[in-house]
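Look at the two complexes coming up: subunit A is in both, with subunit B in one and subunit C in the other.
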Partner chain A sequence: MTDTPLHLGKSYPRRDALEKVTGQAQYVADTDLPNLTHGRIVRSPHLHARILRIETAEALAVPGVIAVLTHADIPGAKIYGDLLPDRPVLASDKVRFMGEPVAIVVAKTRQAADEAHKRVQVTYEPLPAVIDPFAAAQPDAPQVHENGNVLSHFTVCHGDTAQGLAQADLILEETFHVPRVYPAYLETEASQAVLNPNGTLTVWVSSQKPFHDRHHIAAAVNLPEEQVQVCVAAIGGAFGGKEDANMPVLAGLAAYCTRGAVRLVNSREESMLAHPKRHSGQLHYRLGAKQDGTITAVEITTHLDTGAYASYGPAVGQLLTEVAAGPYRIPHVRSETFVVYTNAPIAGAMRGFGAPQANFAIESLVDTLAHRLGLDPLEVRRRNIWRPGDFNFTRVRVNQAESTSLALETAAQEVARLKALPASPGKKAGVGMAMALQTMGLGWGVPDDSTNRLEWQPDGQVLLRIGAPDLGQGLNIAAAQITAEALGVDLSQVEVAPINTLLSPDGGVTCASRMTYMVGNSSMLAAVRLIDMLKEEGARLLGVQPDQLEYRGGQLLRLDQPHLPPIPAAEITSRLAEEGRALHSTATFSFPYGPEIPTDLGIGMPHVLFCLGAQVMRVEVDSELGSVEVTHATAVHDVGRVINRAALEGQVEGGLAMGMGFALSEDMILKANGQWVDGLAEYVLPTAMDIPGEVKIILLEQPESSGPYGAKGIGEAVTAPTAAAVANAVFAATGVRVHAAPIRPEMLIRPA
Partner chain B sequence: MKPIEITLTVNETTHTLITLPNRTLLDILREDLGLTGAKNGCESGECGACTVLMNGAAVNACLVLAGQADGCTVETIEGLSKSGQLHPIQQAFVDAGAVQCGFCIPGMVMASKALLDHNPQPQEEDIRQALAGNICRCTGYTKIIQAVQMAAEELRHD
Partner chain C sequence: MQTFNYLRPAHLDELCQALQQPHAKIVAGGTDVLPQMHTGRLQPALLVDISRVSELEGIRIHNTQVEIGALTTFAAIQAHPTLRAAAPALTQAAQWVGAPMTRQRATLGGNLANASPAADAVPPLMIYNAEVTLTSAKGSRSLPLAQFLLGPGQTALQRGEFIQSVRFELPAEDLGSAFLKIGPRRGMTIAIVSAAAAVRLSPEGRLEQVRVAVGASAPTVIRCPQTENLLHGQLPSAELWQSAAQQIAVEISPIDDVRASRAYRRRAAGVLAVRALQAALSQAQEAAQARTV
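So, the complex of A and B:
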């Protein structure tokens, strides 16, 4: 490895930026196909209803309509799911949420499909519905599925909380509510598929997990997986929400059944209704502490609304359970979570995967504790925070626990700086902070592999094939930089291939802050192998021993004859090409889980790596209107090692904005008229007007020993603490402690 | 519904088309002219992904009906880079690292162009206001605002 990095830490522009600024990038809906037809999904207008009859004749009579498909037309698996199969591809006997797909119309034009989808007549018998997870967990609640509404129930105990609470001088008991957040990627879900003349299916997706999609599509149409090819188009954002195979499966099904090419693009309304959200729910805490701020025990009971189908709900509930006590050494902890089916929109993976909800509650509560004890919130955190050698209550030893206090002390300086700023006229100013706690990877023992393939081409270019997509966050440029660093070559020599399940290795799912870490590690392994192979082939072609060659910066040096000019790799690879051979290496990196973890936990597979940090917010609250403006934000995050600085900053800035939406405006609620909040006028996303005038990013680089050049994930930790930091700042400004996000102005205006 | 005939100039090429009157400028650009740079993010004027310039002003193409575009001059992202050279605004977006998933970017770039065409020396507040109708879920806007500032600087020196 080189001492002075060639590429690490540099802000190279992304490769695809050029085609994106010129409008040439091909998202699914931009990719034309010959004889393309258009699908439109018929969706449930009810929260919960029995399907009595589906009549298609009138829809089929619309000119241009090719087919109307229902569950009866599915040749293969009619049910799918990633953690458990509970989701109908198309509803058959009942619908469990508003927007659930019931049928799909395929027509020659978009207009005909739109017209016909209104004419599919579905007769429903409405059933009582439940959309509150706490109510749904009660025995007399309407049943969403046959086996009860509690989908998962986790309890992790450490120590004896009764004893810990008995030692406390003060016990706080508080309940927090967290919103149903819509990922709101700007590109709605889209997929298109074509049945090829040879009977194979090609499907274009905007998805985080093309290989899982292939599996579900193949099962639904009853084809072997090798006969389904999934190609990843440019992806217009995902944030966890595109870990749902519904659109790829429906597009594949439609193309298969009509023996043609079908495009399926959701409207914004469909996207909002029918695709996974961040889990809403309630978190109940009992926390005991000594007079000096030392926390003696905490008991947590969480109810998460997972909506009508499981999606990734159980895994989200598990992660939340693990981080619900924050980055604190608390001797007695009990964390219990219920993941509950309701008739609300499906909740699943979304950036943070349970951590933002937990961070909001515990970090608000720690501030409340400080206030009640008359202590500085920073002091209370100092007293309880993880130190090197500490274990989380899940019995996992904390990696780089020193980052926690480093982040805290860095944030403390920012708190002091921002507190000194005067408030604007008519405004109350306040500064608040929160610690960030996010896990990385999939959890102990969950098979988590990343396979990469490197091909050194005859022209000297190195092609990197990775198997999980770049969602826009910059994975490809980070992977290219790590590969170029490991090979010691110019960045322009490394190209990242588009993903196609025929040619790319299976890289799992782009999720869980795992990509830089996993793909980086496997790229480095593949690079080492590629160098060895280059030396071997070089030695053979040159008629020398491999140890007479030294590899340096994309070239081979002759150690036996140092006066000869170095031999570029292209010379070797082009000679190989003449022999009809190619130089390529494949390497798999498997997540290193370390020592066995006790299995009596209540959750079998705790996460073993943590991403740590802190955020500080300064707000100004309008004394009359109660409106909150975030004027300054500082994000302090331990990233292990910076690979691409601009891309990393972009992750922090975007994650902060998403956290601000959670804090101040975003919640998908059922309105009084019985309809869900609909469209981006009602569901308010942060705009350029809402972004703080100052966004300061402080990156800590505490190398992660198992990471590529010390790097670890960042995509999620940046969103987790924002809402609590805003809430704590609002408390500092107004003295009002909010227990729910988003914080609405009416919560802050006290009756005179 | 009776089709209508409209004539419009897009990126300096004039087209005459027969179309149903309930179709939008966005449909015409994407489906009839094959210009897929302008994106459909909401079809209701709420996201800005479809922003193009019509007679020099930024509009949401999804809200412009075919008849309203008749006789108009339209500029889209595809018309911005001349002879393979990125327009300074496009270059600034690349250089500032303002492009993530990219779905908002054609609209952002066109909205920025409308701003800089009319106000070559915008204050930061002017930029925020000009982009307030363009949603970006990836970047948190910071680098987009920086890109517009960089482009303004560059254009002043041209």
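So, the complex of A and C:
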């Protein structure tokens, strides 16, 4: 390793960029199989209903139809789930949300499948439905499942909030509402599968977790996991929404049952109805503070709408519980979360995993506190933020707590700069900021490993096998850079293999801002091993002792005979190939937890690494129309160490845009006609025209000692603070405090 | 999408003939028809693709008469220098249609035939007193826009008829005009409310030829004659604009939907229409100044 990095911090283009923008990338729907047939899912038109009868005869009579599969056709597990098994592969007695799969039609053509799916006659008896988590938690609410609607209930107490509130000069009590956000990846969920002549199943997925998919597919069709091969195709975005095994399981099932090759591709409407959203819900806060702004206590009660099935809801609830008090040293905290079943679309993992919802509430509230006390919001934050050595209320010592004040002070300068800008005519301008707090990794108690395999091939190329997919965020280029750095070779020498569960090591799930950190670390470990092995094999082939060889930049130097030219690695690996052998190493990195982790919290999974930062927004609000334009955004994030600057900046810009949708326009609501907003004409995503003209990115590099070259995660922290920063800017501009996102113009003006 | 028959006539007479067939649906750019077919809302037995009927294309200006063929795209309208100079409200509306890709395909005729209350092209055409020429095998007829648009998705088109062109008189230099729109986002958006206005100034500085049209606030885009009367002959003032905004709110009949509430639309329509009037006025003033210089 040299002092000047070879590759770190450089903006290498991603290798799949050109094929993606020229339309050549092979997504699931582009990967043609011989004798491919097409599936179409029959979905529930009801929020909640009993299934009385499913009649398939008329659908089967449509020319070209091969099969109509229902729950009765499932050879193996009929129920699956990631945290708990509560989700039918195909509904049997009851449907619990609109869009729930009831049957699959398989036909020779897409047209025949479309036609036949309308002819599957399902007789329903509609049941009363509930789509509000607070209402669903009440005892008299319609029951979504048999054992009550409260799926999870977490309470973490620290100190004595009654005492803390008694010490306060001012107590604020506010309730915040957060929207149901759709991940809105460009590529809708798709999967295809083929039953091979030898009875094994091969499934192509657009997924964040191929190994989990394999598990669920194998269980449903009753095959050993080794007989199910999962291949990851190009992925057109995921954001947490593709942690759902529904499509892989249904495609696998359809191929298995029809003994053929079946493709399933969701329409946009199906994607919106039937796949996981960001949890909507309400967050109730009581916060006490002294006149000088010192926060004495906070009590938080959150109700999250997890929809009809658990998905990752309990884990989202846990994470939200942990971060709900923000990056603040508050002596008395009580954070309580109810994760509640409703008949709404399933909510699960989505970028931020509970943190954006909590961030919107706590960062809005801290601003309100400053306003009520007549203090500068920056000053109130200064008074309360974590300091080095602080523990959070889950009794975890905050890593690099100094990043919090560094981010705050950097943001403060941006606030001052943006406040100086004059408002456009007819507009009210305002600047607001919010701190970012996001956890990294899966949390204590959850297996959190990354295994990588490195193969030094006879031609000198190094093949890196990662077991969790690049979703479009740039994982593969970052992993290649770290590997090339660790080996001291040119970047072009490192290739990242596509993922295939037969050949790739299990890398877990691409999620939780963990990939650069985990894959980077395991790549470095594997690289060190590979170098040792190269030296050993080199010594054997050259007939010298390993300590007579030095490895440098992909070559072996003869220390015993320094006048000899260096020996390229390819010379060793090609000679090994002649012997029928290969040079490869495998290494596993496990997320590090110290012995001091509190294990008695009752939430099971405190996180120990945090991504810290702050965002500043300047808005202009139309005085008469209430419309909000975000004119400037500054994102300040501690990333530990920049690996690929362009990819990182892309993450920040994309995450911020996603946060802007949460702030200003996105909410999947039930319309007056009883239908969900299920198309992109009514579900309003921000476009390039809505993104601020100036997006300034300030990356702080406070090395994380356990990270690869000091790097840590960034994928989620960039989305968490945006909505609160916008809301605070809107307050600064208009004096109107919004308690609900998205902020709609009519909240900001008096009605006519 | 289900199966359908498809015809692609190359000339007007072939088009007339194709439309003799029952259940024919015309498609031009496809930006409205294809999404509706995709969702199943529209299931035509016969799709008549008019995109090759070149007689329907183009912007022709004879003396002061403008004729825009039904097949003219919004990209072409947006780029037309004469329209930009003399009928800027139409140019501004064209810029609001969808995204650049949409504007390369979407046609003026399609925007009218789709008869959305939020159609971007309609408010400016209404203030320019445009007429629509409808043609069939039996001949042609002309209708004022207000008589052509009957309700959401409903037009006066008879079986066998198609929109041939839109005609209006090129506004005089001293008639200022403007179009404004607000939607849930800043581009590629359906209007929450839109407004177009035209006005000229008398030598005494009074408002003349006041025309106001509001979109997405009634079953069709509507002109607001009472507001126009209220403003006619008046000297512009803050009080006048305020009463105009109030009058607009009375003249429209907006609905609640996912984009906005009825109450918000009432308020926003007045604000937007007044802003369009003010923009038109400052243009008229510039024209007046240019004349005196």
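Quick note on the criterion: the second predicted complex is superposed on the first by the 749 of 752 C-alpha atoms of A that agree within 3 Å, B and C clash if a C-alpha of one lies under 4 Å from a C-alpha of the other, contacts with A are read in each partner's own complex, and residues count from 1 in each chain.
Here is the rule we go by: a contact is a pair of C-beta atoms (placed from the backbone, for glycine too) under 8 Å apart; a residue touches a chain by one contact, two chains touch by 3 or more.
Computed from a prediction, not measured in an experiment: that's the story for all the values here.
*Asks:* With the two structures laid over each other on chain A, which partner does A:G237 touch: subunit B (first), subunit C (second), both, or neither?
*Replies:* first
*Asks:* State whether A:E649 touches subunit B only (first), subunit C only (second), both chains, or neither.
*Replies:* A:E649: touches subunit B, not subunit C.
*Asks:* Using the touch definition from the top, say if A:P13 reaches subunit B (first), subunit C (second), both or neither.
*Replies:* In the superposition, A:P13 contacts subunit B only.
*Asks:* Spot which of subunit B and subunit C makes contact with more residues of subunit A, would you?
*Replies:* B
*Asks:* Applying the document's definition of touch, where does A:A315 land relative to subunit B and subunit C: first, second, both, or neither?
*Replies:* Neither partner.
*Asks:* Return first, second, both or neither, reflecting whether A:D30 touches subunit B, subunit C, both chains, or no partner chain.
*Replies:* The first partner, subunit B, only.
*Asks:* Of the two partner chains, subunit B (first) and subunit C (second), which one does A:I295 touch, if any: first, second, both, or neither?
*Replies:* Once the two structures are laid over each other on A, A:I295 reaches no partner at all.
*Asks:* Of the partners subunit B and subunit C, which touch A:T687 in the superposed model: first, second, both, neither?
*Replies:* Both subunit B and subunit C are touched by A:T687.
*Asks:* Let me check the overlay on chain A: which residues of subunit A are in contact with subunit B and also with subunit C?
*Replies:* Residues 111, 679, 681, 685-689 of subunit A touch both subunit B and subunit C.
*Asks:* Can you check the complex and tell me which residues of subunit A touch subunit B?
*Replies:* 11, 13-14, 16-18, 20-27, 29-30, 32, 111, 183-188, 234-239, 265, 267-268, 471-474, 646-647, 649-650, 652-658, 679-681, 685-689, 691, 693, 695
*Asks:* In the complex formed with subunit A, which residues of subunit B make contact?
*Replies:* 20, 30, 34-44, 46-47, 49, 76-78, 80-81, 86, 90, 93-106, 109, 124, 127-129, 131-145
*Asks:* Please name which positions on subunit A make contact with subunit C in the complex.
*Replies:* 111, 114-115, 269, 624-625, 627, 629, 665, 669, 671-672, 677, 679, 681-682, 684-690, 744-746, 749, 751-752
*Asks:* Over in the complex, which subunit C residues touch subunit A? Could you list them?
*Replies:* 1-3, 35, 39, 99, 182, 184-190, 249, 256, 258-261, 263-264, 266-268, 270-272
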